[in-house]
Amino acid sequence: MKQEKDLKNYSIRTDLIVDLFDVNQEEEGILVKQEEKEDIKILEVTITKEKNKLNKKKGKYITITYQDVTDKKNAKNLEQVLVKELKKIYVDLKITDNMKCLVVGLGNRASTPDALGPKTIEQVLVTRYLYEIEEVEVDQSYRNVASFIPGVTGNTGIESSDIILGIVEKIKPDFVIIVDALASSSMDRVNKTIQITDSGINPGSGVYNDRKELSYETLHVPVISIGIPTVIEAFVLVSDTIQYLLKHFSYNKENYQKNKLIPITLRNYQHYEGELSHQEKTKLLGEIGNLSEEEIKELIFEVLTPIGYNMMVTPKEIDFVIDKTSEVLANAINQSLHKNFDI
Amino acid sequence: MKQEKDLKNYSIRTDLIVDLFDVNQEEEGILVKQEEKEDIKILEVTITKEKNKLNKKKGKYITITYQDVTDKKNAKNLEQVLVKELKKIYVDLKITDNMKCLVVGLGNRASTPDALGPKTIEQVLVTRYLYEIEEVEVDQSYRNVASFIPGVTGNTGIESSDIILGIVEKIKPDFVIIVDALASSSMDRVNKTIQITDSGINPGSGVYNDRKELSYETLHVPVISIGIPTVIEAFVLVSDTIQYLLKHFSYNKENYQKNKLIPITLRNYQHYEGELSHQEKTKLLGEIGNLSEEEIKELIFEVLTPIGYNMMVTPKEIDFVIDKTSEVLANAINQSLHKNFDI
Amino acid sequence: MKQEKDLKNYSIRTDLIVDLFDVNQEEEGILVKQEEKEDIKILEVTITKEKNKLNKKKGKYITITYQDVTDKKNAKNLEQVLVKELKKIYVDLKITDNMKCLVVGLGNRASTPDALGPKTIEQVLVTRYLYEIEEVEVDQSYRNVASFIPGVTGNTGIESSDIILGIVEKIKPDFVIIVDALASSSMDRVNKTIQITDSGINPGSGVYNDRKELSYETLHVPVISIGIPTVIEAFVLVSDTIQYLLKHFSYNKENYQKNKLIPITLRNYQHYEGELSHQEKTKLLGEIGNLSEEEIKELIFEVLTPIGYNMMVTPKEIDFVIDKTSEVLANAINQSLHKNFDI
Amino acid sequence: MKQEKDLKNYSIRTDLIVDLFDVNQEEEGILVKQEEKEDIKILEVTITKEKNKLNKKKGKYITITYQDVTDKKNAKNLEQVLVKELKKIYVDLKITDNMKCLVVGLGNRASTPDALGPKTIEQVLVTRYLYEIEEVEVDQSYRNVASFIPGVTGNTGIESSDIILGIVEKIKPDFVIIVDALASSSMDRVNKTIQITDSGINPGSGVYNDRKELSYETLHVPVISIGIPTVIEAFVLVSDTIQYLLKHFSYNKENYQKNKLIPITLRNYQHYEGELSHQEKTKLLGEIGNLSEEEIKELIFEVLTPIGYNMMVTPKEIDFVIDKTSEVLANAINQSLHKNFDI
């Protein structure tokens, strides 16, 4: 039944492996490594079995969690972490310096949060045409790199996958890097998480379209995809807010005396660990109060979908954030690809 | 106390008079006229007393409610309604054909939903420089029109009001038209409502800034402002969704048998009139279920503000909608200003 | 020898057939038809033999000459002529209403005169994705149309031809329309000439690059290319000016008495037919004065090339002209492709 | 008489003092200092008398001549020279760290070579709004800076001067920096010369408009203008080419034997010092050959103006050059204004 399928669909729709994942539950076929560098956390998940609990494809999934990238120092640190992780992936995938790369930016240039891919690609240093000119001797410290922005199906009438497949078949790169903006399954991750994976990407999966996958299986060369959640969907915002509502009450209850003196805007309960009891939740939020997070998401999705209000949610300063993030990504990609690249 | 003020602020923060207003409660100092043209509704509210229940300035407030503007026929109809309403306002304000106009587009070009003003202004037919050249004889069927895009304070460091005041003092137009994107206080209004008023506008009021007003009082010439809500804030989305949640249950209860056969995505309960009882609401949503709409908004605002998550919500196809809306606005402004304008 | 080749190259480098062509010299294998509609001239040249005097490929070459397109009436007339000529070509090429089209815009979005292709494509009505969704029943008065902007090799590292070939092989359109800005071989033609041909196009030929041809031979479907000269190269400007210099003197000589009273800016000698004698030319311009137009071009090319000054020349208001021209092209393409298209 | 005036006008129309100037002819009221830093030349001309041979206003004129700014090392060097020269000017004008600055970018965003001002301003770090918020304590190592892009009269109908005057009167900066693209009077200077002056600027003077000056006299605060020639007009290109034609022949004559072996494209005669005799010039170019450079310019101007062909000439890669140049300018302005600015 269509309806059932929809509900199922959304629940597995997150593009981020961290959303599916309890870090402490390492198990057969799933290897986990964690690292921290100042404010930046790096989680490396390797899935070695095709059939696994996370229902994800085999491959490496690196999740980098960072703070506000509009701060210069944070941006610099993040850039360095990215370069290191990309280079590690190249080694894993046996990508050597003489291998040709195609860098692709998915998404819609005209929509601020979706412009991350195109804006990144515009800053990637391209050299392929120099390698193509017979007479030119190219400085070998610069890799053979091409780049491409396929646009969105709504404007071209063509699926991004078809465009990229067509180009890959023509120019035959040795590996492909794909940059895309994702939809997030939680408010906390928006513009604060980067996922790098060698397992492929499903363009447009962030907006409920069942497009063709871009991966080793379809392109026949290694595919490294870099995704950053830049929007959340309305139903996620609402269900996250309901969780925060419960937290907020729990925090206020605990700090009842103290809070009277603290202005509401300063009561940062976000990381408060206390929880309301079953009874308190019922009193406050009725039956809703005792649904699981997952169940609330399904419910809100069910409420918003028929009235066409499953909108897109972004931070107010999204244009500035996208500018900075694309700069960090492009810098990191350039440094990882070209031996002598100097910013 | 700051906190109190914040909570108060938001509650009066809507820029749309329809949000404050029960159409049937005409009373002293508030005149109401309604009209319909096919799918388009026109509500004209005239406030004649400075102290009034709506807490709004004296003046005329025209609210035009329309359907999806990306449909060509709708767009054409809306354009014609706009031309007619603008011309009526010119008559009211004693604006004659020989009077000089400055058209201003507020907002941020780089942020899709906020680009409405700048995008409209780029399509307004400007003639003032022809009038300024002594030797040129200008076709009098084209009014003397200048236009301006002041940008946003975050980029210029200057308040839009100061920029516009400075220019008005220099070029001395006889009246000013200001186009701006607004924040909406309800999901239903986004990109479906235009408010035209001669009472002035508070630039940036849509994003919680206490900027200087642009009005007859500050510019000393008539000011006509045209505002369209293009975003909602996160807290509005959440509280609207809670209302829809209740409606959804009420509808499902009533249509229990029938619904089994209808896919969820087709159960359009949006305009269902039935309501849950107090008891049912409590069962479903606990104490929250029996708060008023206003109280829920306050609560959600209080939950989201301290954690910095009062984000901005837009439809997914916002870039396309803004393109079309700015075209309609510019066409209507051009036709209303220039006697011989031909699209 | 490279040098020889260069000099040869430029001389045949015009993309416009009218530049190679004395209209009155119809001959075997070259059919000529002329038509006028108000200010618009239509020249249809059909080349039926592969080896021909013009050294051009077999095919139809339609040259439309028009006046200033920033005038609304001119623009409307030109649009109608274009629609008619495009439809005639479809008939010639046996393109029926149910055939799928790919519209491609060559050129660089970031360089004003070269943005003609991309700006046109952005306004083309695309429907292919609707035809691809199984459940959707598409209104058959709208043709199956996809569009694409490949970007420039300098940015992507990939030749436009390779990108387009790749996409054509994937999505298999029944015919292709290509829009491109050309370099002109004469100041008179810039933004005043459209060439439509079914013989293919050489992307980037306007800037001395030997790219791969896009034509029936390479894409295996009919290719209709629409080219408009939007720039001239410096050497063309200089040699054209030397011709004008001679004309200017000839005109001034003839009108010696009269001219004293006419301000220089009003002495429009452009269409003056008189010519200086050999002796007069020598007196005025020495040996240069008696070179042929072609020889002067070669000479100036030889002067400018080694010092890297073969710059690009455009009208000052080029941004406005490109906006208007792309609108006319897109309107005409839309009307020719979609039966029910209404502007 | 209008005509006379036109011809005169153009001849003094260069915005660059170096064009008017024989460096070795220092004289009363004109002080000259020269400096070199690697490939960069700095010429400082101080005019101390209002009536002077150069017919220029009193003030300091710094001309920085540099090589291709798309080379990273050159760009870095140029940036450092600019910072130093700007800081020297601040000291001269008694501008201290606590003084408020308004940075203005003149020109048309939509026309590649004219976008230099707007593109630079977009990268200038703005802080004024922080200083305006009472509660915020601003880090004093960041100066109070606002910025503004007035647009062009053709789009707004308002002269840039009026807009800037209006804003200066409102926000009362202590000094103003203005960035503008200029028209060059010689092919050699395009994108290779920066002029900084404290004597004011005439917006639009680069395109024959007699706009109001922006200077200390009109704004009543120090005005530092930074101008870079990014285009040449057609008549300059043609007359420069005629000079090169003579040089080319002189060089070829001298190197007759040698040249036979050198491909034309490699015969770089640009800096060849030899000259043709009067007789040789006459033989080659007739009467034209013996006109002075100035006379040839006047003549070509006279030929091109009546037929409306005084077009604009730019390098082919102008979009890339403007991107890089605006980056260098913005970096230098930021470093000169903000003590702690770190790129």
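Read from first to last, the chains carry the letters A, B, C and D; within each, the first residue is number 1.
Here, contacts are C-beta pairs under 8 Å (C-beta built on N, C-alpha and C of every residue); 3 or more make two chains touch, one makes a residue touch a chain.
Just so you know, these numbers come straight off a predicted model, no measurement behind them.
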| item | value |
| --- | --- |
| Self-contact between copies chain C and chain D, residue sets same or different by half | same |
| Where chain B and chain C are represented by their mean Cα positions, the distance between them in whole Å | 45 |
| Centre distance in Å when chain A and chain B are each reduced to the mean of their C-alpha atoms | 34 |
| Multi-partner residues of chain D (each touching 2 or more other chains) | 154 |
| Chains that touch, pairwise | A-B, A-C, B-D, C-D |
| Chain B residues within the chain A interface of the complex | 1-3, 6-7, 108, 110-112, 154, 187, 207, 232, 234, 237-238, 241-242, 244-245, 248, 263-270, 281-289, 299-300, 302-307, 309, 311-320 |
| Residues on chain B engaged by chain D in the complex (per definition of touch) | 122, 126-129, 132, 145-149, 151, 153-159, 162-163, 165-171 |
